[in-house]
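Here it is: the structure, laid out below.
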Amino acid sequence: MNKAADILEATPMVLGSPSLAQIDQEVAVPMGRIPGPTWWAAFALSGLSMLMGLSLMGYTAYRGIGLWGNNSPVFWAFPIVNFVFWIGIGHAGTLISAILFLFRQRWRNAIARFAEAMTIFAVMTAATFPVMHMGRPWLAHWVFPIPNDMRLWVNFRSPLVWDLFAISTYFTVSLMFWYIGLIPDLAAMRERAPTNAHRIIYSILSWGWTGLNRHWRHYERAYLILAGLSTPLVVSVHTIVSFDFATSVIPGWHATILPPYFVAGAVFSGFAMVLTVLIVVRKAFHMEHLITLRHLENMNKVVLATSLIVGYAYCVELFTAWYSGESIERFTFLNRVTGPYWWAFALMVLCNVLVPQVHWFRKARTSILPMFVVSILVNVGMWFERFVIVVTSLHRDFLPSSWGMYKPTLVDFGILLGSFGLFFTLVLVFVRFLPAISMTEVKASMPQAQLSVHPEEIIGQPEMEEVSV
Amino acid sequence: MSEKEPVGAVVLFKTPDDLVAGIRRAQDRGFTRLDSVSPYPIHKMDEVLGKGPSRLGYVAAIAGLAGTTLAKTAQWWVSAVDYPLNIGGNPLFSYPAFIPVTFELMVLFSSLATVIGMLVVFNRLPQYGSSLLKSKFIRDLTCDKYGLVLDAADPKFSPDTTRAIFDGLETLGFDLLYRERPSPFFSQRILSVPFLVLLAGVALLCSSATRLVFRYGGAVPPFNFMKAQEKLNPQHESNAFPDKTGMRPAVPGTVARGLLPYPYASDAEAAGRDLVNPAPVTTSSLVRGRDRYAIFCQPCHGREADARGTLTAAFPKPPTLHSSKARGWMDGRIYAVLTSGQNAMPSYASQINREDRWLIIHYLRALQRAHNAEERDLK
Amino acid sequence: MITENNKIRQDPTPMPRALTRAALGAAILASLLMAPAALSNWDRFLGNWLVLFVFVVTLGLGALFLVALEFLVNATWSVPFRRISENLAGLILISLPLAIPILMGLHTLYEWTHSEAVSVDSILRAKAPYLNLRFFLIRFALFYLVWIGAYFLFVGGSRRQDSTGDVGLTKRAMKLAPPFMILLAFTLTFAAFDWIMSLAPYWYSSIFGIYLLTGAMVAGTAIITFAGASLKLKNLLPEAVRSDHFYNLGALLFALNTLWAYIAFAQYLLIWYGGIPVETHWFDLRSQRGWEWVSVLLVLAHFLVPFLALLSRSAKTDLRRLRWVSAWILGAHGLDLYWLIMPSVRVNEGPFGWQDLCFPIAAIALALSVWLWQSARFPVIAIRDPRLQAGLQFHL
Amino acid sequence: MFSARQCEDSLLRWLPPTPGRPGDYHEYLKSRWRNEVYTRRPTEIDFERFWNISLHEGFITATTGFLQPQDLRPEAVLEAIGEYARPSPSGIDLVLTPSPRVFDGRFANNGWLQELPHPVTTQVWGNGALMSRATAQRLQCREGDVVRLTVERRSLKIPALIEPGMADDLISIDLGYGRRIAGSIGSSVGVDAGTLRKNVADLSPWFYTGVGVETTGESSRIIRVQTHFSIEGRPIIKEASASAFRSHPLAESEAESRPHVLWSYRGYHWAMVVDLTACTGCGACSLACTAENNIPVVGPEQVSRKREMHWMRIDRYYSGSPDNPSAVYQPILCQHCDAAPCEKVCPVAATVRSPEGLNEMVYNRCVGTRYCANNCPYKVRRFNFFNYHKQLVSPAELVYNPEVTVRNRGIMEKCTFCVQRITAAKHRAKIEGRKIRDGEIQTACQQACPAEAIVFGDLNDPQSRVSQLTKETRAYHVLDDLGVRPSVTYLAKIRNPRLDTVA
C-alpha cells in the first residue's frame, strides 16, 4: 500500500514536529522584540501614504467630488472600483477561517488568524469609500434607518441600503470571529507578557481565560456556529455588492451571473492578497515550518480553481451578451473588448485567467517566486476587472449622445495609494502586537496533542459537575 | 470568605492521556466536581467528562428567528405603513427587495447572541478574579501542560489528602487554589459597579460626540444644508438697489397689460359719465360680489348697506346707501368712490381688484333694490 | 481495523426482489399511460418528454460530478459511496436513446427551428448563427462525447481497479478530474442554453447554466444519499460506513440545495428588479394560469422544506429522515425542470394534467432499473481503492 | 441701479439745448407722439388716455398711411447676387457669420449663451474654423489643430472644427468671439475672426476667396458637449419621408409584455410631447430652462470634463453619408418614467414618484451617491460636482428664479417639468375652484420654443392636446423596450419629400 501513501496526503502540516512550547515561543516572541529597521521602514512608507490618502479624502470632502475624474456618464469610477476591490480582498479571510473550517481542512489553522485579520482591515479600508464617495458625506448617517424628527426613512429597496447592512454585519461578525479565536492566545500572551503594560492589556482582552474544559465546550460550539453563519454571510456580502450593479438596467451591469461571479472573484483576489502578504510575513518572521509550502500550495490550488470560475464567468457573460441578440447589449461587450478601454479588458483577462494557469504545474505551485508574481498579478487583474465592469459599462450606455470618456485625476490615484497605505499600516501593527498565527489551533492540530483513546471507549461516562474556582 | 481557605486544587499533567488517567483516578475515588484545563480544546474531552453537546445552538436559532422577524416587520412597516412612497412603480411591500436585509439581520442577531451567550451567559466570563490565574501552573496550563481541577466544594475534597490520590500517576505537580479578593476592575461579575460606570462614561462620551458632530459639524460651510440660498427670496432686501427693496415697483410711466391707468382720480363725475359696469350680472358674480362686500364694506356700511355696521362706534358713521342720491349714482360714480375714496372713506384700489369692485357694485344695486322694493319687483 | 476489510463482500450484493418488481411495475404503468398522453396532446407530451430527458441527464451527470469531485479534492470519506455514484452515473447512457423523440420533435418544441419565423424576426435572425439545426446537433453530439467519455474513464477505471487494484487508475482519475470539471461546466451550461433557454428564444439569463449545474449537483447528491441510506437501512453496506459518513453526505446535500436556492433567488431578484420586459416576460409566464402556485410550491419544495429538514446536526445522521428528504429533493428537482420547461412549451396551458402523470413514474422506473442493472454486476463498494481504508476509518 | 442712465437720455443731454424740447426722454417721446401721431389720428379722448391705450395695446390703427409699401423686384435680387455667384478662384473660400449664440459679440459676456451648445457643432465656449472632412484631410489637420488663415496680409490662428456636411473648400467662422475686454465671463473666449475683415470689401465684408490656409503644429481645445453623432441603430430616433409615412405610418414597437402597472394616477398625470419634425435644434428651450430653473453656468473647464448642467439638452444625430448627412435634433429631458430605474436605487428615497406622475427630486434629502444618474438610461440627471453658484458676485443673485431652490454641491438635479409653475397653476385653480385648464401650464421650454414643438399637459384628460398627440401614429417613446414607461412622448421626424427626392 505504500504506493497509495502518496495519494493519501501524509505530509505533516507542521514541519520539524516542534513541541507545543516551541510553537508558542515562535509565534509569541516576535511580539516582545523591538521591531527591526525593515519594519520601521515599511511602517513609515505605508503610514505616509495612508496620511496622504486621508488628507486627500478630507480635501475632497471640503471641495467636492469634482476633484476626481468622475463625470457624466461615468458617475461611478475609482472610489467604487477601490471599494469593490477591497471588499473582495476581505473575503478570503472568512472563507479560510469559516468554510475551510467546516470542510475540516486542517491546513487552514496556521493561516486562518492572519487571513481573518486581513479581512477586517480590508473591510475597514473598503468602508471608507462609500462614505467619502457621497456628494454630501456629512449626511452619511442619513443612509441608516435612524428614526428622526423629519419622519424620513431610507429606501429598503435600494441595493446601497442592503450594502450598508451587509458590510456592517460582515465587519461585526468577522471581528467577533477573529476576537473569539484570539482569546485563548491572548491568555497565553498574558502569561508570557514582556512588560507589565502588555500584561494588563492582554489580561483585559483575554477576559481571564483559563482553559477549563467547560469553557472550551461552549467555545468550540460557538466557533462552529459562527463558522456556519459566516459561510452564507461571506457569500451574501459580495452578492449584495454585485447587486449594486446587477439590479440596474445598464448593459454590462445588468447580468444575472454577476452574484456567483463576484463571489468567486472576491475569493480569488482575497486569496491572492493573503498569499502576497503571507509570503513576506512568513519569511520575515521565520515561520516557514508553521506556514509550510503545503499551505501555500493548497492556496494556489484555490487560486487556480477560482481563476477558472472567473474565466468561465467572462466567457458566459460575453456569450450571453451575443446570444441575447440585443444590439445595445452586444455593443456594450464589443466595446468592452475592442473599445477605447480594450487594454483594461486585455490586462484583466491576462492577469486573471491566463497567468494563474501556471498553477497547473506543481513546480509553480510550490516555488515562492512564481506564486508571488502570480498573486500580485492577480491583485492587479482583479482591480482592473472592477474597473472594466464599472467604467467601460458606463462610459457608453444607451444614448450615444451622452457617451464620454473617463480620465482619473491625481487625487484619484492618491486616494487609491492611500487605501493601500491604510491597509498595510493596519497589517504591520497587527503582526507587531498580536499573534499572527493561532497558537491554540496549531497546537490542537499537532499529533501529540490528541487523545490516543479510541472514541468508542469513552461513550457514556458519568457527567461531572461544574467546578467554580 | 477567609483568605486561607482553598477553593480547590489543580493537578498538572504532561500529556492528554495522563490527564485522562488522572480524571479516571479521581472519578474512581468518587470525585464528581472536577474539570480539565488545557491550552487548547482536547478532542473528545467532553465525552471523557461525560458532557453532552453545548446548548448554544438554541440561543443562536432563537436570536436568528428574532432578527428575521424584526427585519421583515420593520421593512414592511417603514415601506408600506409609515413612509408609503411610490418608488419606481414598485409595490410598497416589495418582498424580493427586502430579503437581503432580512438575511443580514438574521446573521447579525444570531452571531451576536452566540458570542455573548458563549462568553457571558454560558462561560460566565470575564473571570479576572479566577483563582486559577493565581496558580503557579497557569503559565504551563496556557502553553503545553494539562491540568485537572478539583473543586473544594466536592465532599471528597480535602486540602491535605487529595494530593495523595494521584500517587503512581504521571503528574508534574499539585497546587492548592486560593481565591484572593479580586481587584475592583478585574471583577468576577461583568455587572460590577466600576465596569458599569466606565461603560456609561464611554456611552455618554460617544453619544455626545456624535450629537455634536451631527448637530454643528454638518452646518459648518461648506457642509451646508442648502439653508443659505444664493438667490434673492421674495420680500427680502437687496443691496443692489439704493432703496434696498428686493421686489421692484414698476418703472413710472409703464403700462401693464390689463391695467390701464385709472384716469378719473381727480374727476369722479367723469367716471360716472364714461364708465359702464363691464361685469355681467350672474348668480356667481353676485355671490362673489356679496362675499367681497361682506369682507370690505360690511364693517362700516352694514349688512343691509344701511350704515348699521359693526364699526360704527369707532368710525365716523357713513351715510346710508339707500339714499336717493346713492341710488341715483351711475355705477361708474360708485366705482370712482371705491377706487379713490370719498370723505372719510379711503381708497380700496389696493385691496379690491377691478373686477371685484364692479361685482360689489352689482351686489350693492341688488341690496338697494331689495331694500326699497317696488310692486313690480315682487312679480 | 484492517479486520473491517473482511466484512466487505467482494462480490455484487444481491438487491431485494421488491425493488426489481417495483421497477417493473413502474415501467409497465408508465408505458400504459404514455400512449393516451401522447395522443391527447402531442406538444405537451413532447414537453414532458424533454423534462424527463433533462431529469435523467442531470441525475447521471450529478452522480458523475460526485465521482469526479472526490478525486478533485482527494476526499476520503466519500470513497465508500463512490460505487453507488458510479452505478447511477450509468443513467447518462440511458439518456441517449431517450433523446430520440426530442430530436425528432425539435420543430414542435423550438420556435427558432421555424425558418419563416426567423426570417421576419430581427432578434431570431441575430441568433441564427448559434440557434440553427445543424449547429444544435453538432453541440448535442459534443456534449455526449464528453459525458460518455468521462463516464468510461472514471467509472470504467474504478471497476477495473476492483480486479487489478492498480493505484495508477486512482492517480489517473485525479489527473482527469480538473479538466473534466471544466468541461462539465461548459457542456452543461450550453446544454441548458440549448435545451431549455432556447425554448423561449427571446429570453436570456447568463446565470442559467449555473442554475442547471447546481440543480444537477443537488439531484446527483440526493439520489446518492437516497440509495446509500436505503442500502444502509437494509444493512447492505459494511459496518464501517457509519453515521459520520452520512453526516457528510447530508451536509453536502444541505449545502448544495441552499446553493441552488441562492442561484435561483439571484436570478429572480435581478430580473424582477431590472424590470426589462424581454426578461420579465419569462417570469410573467410562470406567474399566470395557475403557474404562480407552482412557483410558490417550488420555493417550498426545493428550498424551505429541505432546508429546515436538514438544518439540525442530528437530521444529517438520521438515515430515515435523510432518505425521505433526498427523495423529496429529487421530486423537487423534477418539479423545477417541469417549471422551467413547460410554461415555455405550452404558453397558454395551466400546469399539471393527467398527461404529465406517466413521466415521474417513468423516471422512477428508469432510475431503479439502471441502478439494479449496474449493481447486479459490481460490488457495492470500490473494494480495492487505495483510499478505502482511510475512507472507512473516517471520523468527524 | 448703479445710478445708470438710459442711452437716449444721454443723447438728449449731449445735444445742444433747444427751447421747448423736454430734457427727459420719456417726456420727449410723448411730445413727439402728441405732435405727430395724436394729431394725425382723429379721436375724442384726451392725449394721456390715447397714449396709455396705445402703450397698452402695443399698436395703433392708422388711417393715413405712415409707410408706403414698396413691391419687390426678384430679378433685381438675382442681379445683385449674380456677381457673387461666379466660381471662386483656386484656394479656399471663407465665410464670416454672426454667431448663433453671442451674435456679433454683444452677448459675449452672457454665460448662458456661452454655454449653450452650438446648434450644429454642439461646441461651447468658443468658435473654430468650420470645415468639411475632405477639406480637413486635404489640409492634414485633425479637429483642434490650429490653422493659420491668411486673407491678403491679414492672418488669423484658429483651431479647426471638422463637421460632416460642410461644403468642401469652404471655411466658416462664427464672429463675436475673441473679445479682449468683454467682462468677467466673455473676455478672450474663442478667436476674433473680425480681424480678417477688410473695411472696403471687394465682394462682401463677410465673404473672401482665395484664403491661404496652413497648419501650425499647435493645437487647441475644442469643447463639444456631444462627441458621438450616430444612433448606432438604436430605438432612439424614428424618422420617415413624408411619402413613406403616408404609405405606411410607423407603429409603436410594443415590447413583449408591459410590466404590471400597479400605480394609477388619480387627478392629473403630467406628460409632454415633443415633435421632432418641428424641432429646429435652436436651443431656445435649453436656454429658457436654464433661466427658469436656476441652472448654473459651469464654465469651459467643467464642460470639457462632461459636467454641463443643462436639464434640457438637444441631441443631434446624423444619418446618411458623412459628406451630405441629414441631421435630426432631439430635445432630451427627464422622461419622468412611470417605472423609473433611478428611483428604485436611491438609498434615501430622495427621488420618488409624485401622485401626479412627476419624477420628483428631493434636493435636500439627496446625499449624492449618484446611483440614480448611473441607472438613468437617458443620462438626464445632473450632478453638482462643485458648488457652482459660489463664485457669483452681487447682484447676480437677482437673475435667480425665487420660486426654484438653488442646488448646492453634492446634489443631484434634473428636469422637474417646471413643478413650480404646476404648483402655481394649481393654486390659481384652487382659488377659482376649478381644474387646471389644458394649456394653462406652459413649461419654460414649451414657452420658449419658436416652433411649438413641445406640448405639456394632463394625460388623464382625454381632450388635452397631450393625450391627443400621444395617440398619433407618429408617437413613440425613446428606448421603449426597456419598459420604463416614460411620460415624454416623441413624434417621429417626417422629412420633406422634395428634399428626399433630391437626395
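Just so it is clear, A, B, C and D label the chains in written order, and each chain counts residues from 1 on its own.
Throughout what follows, contacts are C-beta pairs under 8 Å (C-beta built on N, C-alpha and C of every residue); 3 or more make two chains touch, one makes a residue touch a chain.
Here the structure is a predicted model, which means the values were calculated and not measured.
**Student:** Could you name the chain whose CA centroid falls nearest to the centroid of all protein CA atoms?
**Tutor:** Looking at where each chain's C-alpha mean falls, the closest to the middle is A.
**Student:** Would you mind telling me which chain pair, A-D or B-C, is linked by more contacting C-beta pairs?
**Tutor:** A-D
**Student:** So the centre of each chain is just the mean of its C-alpha atoms; given that, what is the distance between chain B and chain C in Å?
**Tutor:** Roughly 53 Å, centre to centre.
**Student:** CA centre of chain C versus CA centre of chain D: separation in Å?
**Tutor:** That pair's centroid distance is 64 Å.
**Student:** Suppose each chain is reduced to the average of its Cα coordinates; what separation in Å results between chain A and chain B?
**Tutor:** Their C-alpha centroids are separated by 36 Å.
**Student:** Residues touching two or more other chains, restricted to chain D: which are they?
**Tutor:** Touching at least two other chains: 259, 339, 341, 344, 346, 349, 387, 409, 411, 481-482, 484.
**Student:** Counting only residues that touch at least two other chains, what does the list for chain C look like?
**Tutor:** Residue numbers touching two or more other chains: 202, 269, 273, 275-276, 278.
**Student:** By the touch rule stated above, which residues of chain A touch at least two different other chains?
**Tutor:** 63-64, 136, 139, 152-155, 157, 159, 161, 232, 243, 247-249, 326, 455
**Student:** Which stretch or stretches of chain A touch chain D in the complex?
**Tutor:** Going by the criterion above, the answer is residues 63-66, 69-73, 75-76, 130, 133-136, 139-140, 142-143, 152-155, 157-161, 164, 244, 247-250, 326-328, 331, 394, 397-404, 407.
**Student:** Which residues of chain D touch chain C in their complex?
**Tutor:** 255-259, 339, 341, 344, 481-484
**Student:** In the complex formed with chain B, which residues of chain A make contact?
**Tutor:** 19-21, 24, 61-64, 136, 138-139, 141, 145, 151-157, 159, 161-162, 165-166, 168-169, 172-173, 176-177, 180, 184, 187-188, 190-192, 203-204, 207-222, 225-226, 229-230, 232-233, 236, 240, 243, 439-441, 443-444, 448-453, 455, 458-469
**Student:** What residues of chain B sit close enough to touch chain D in their complex?
**Tutor:** By the definition above, chain B touches chain D via 83, 85-91, 222, 224-226, 229-234, 238-242, 253-255, 257, 260-261, 263.
**Student:** What residues of chain B sit close enough to touch chain C in their complex?
**Tutor:** Listed in rising order, the residues of chain B that touch chain C are 53, 57, 88, 96-97, 99.
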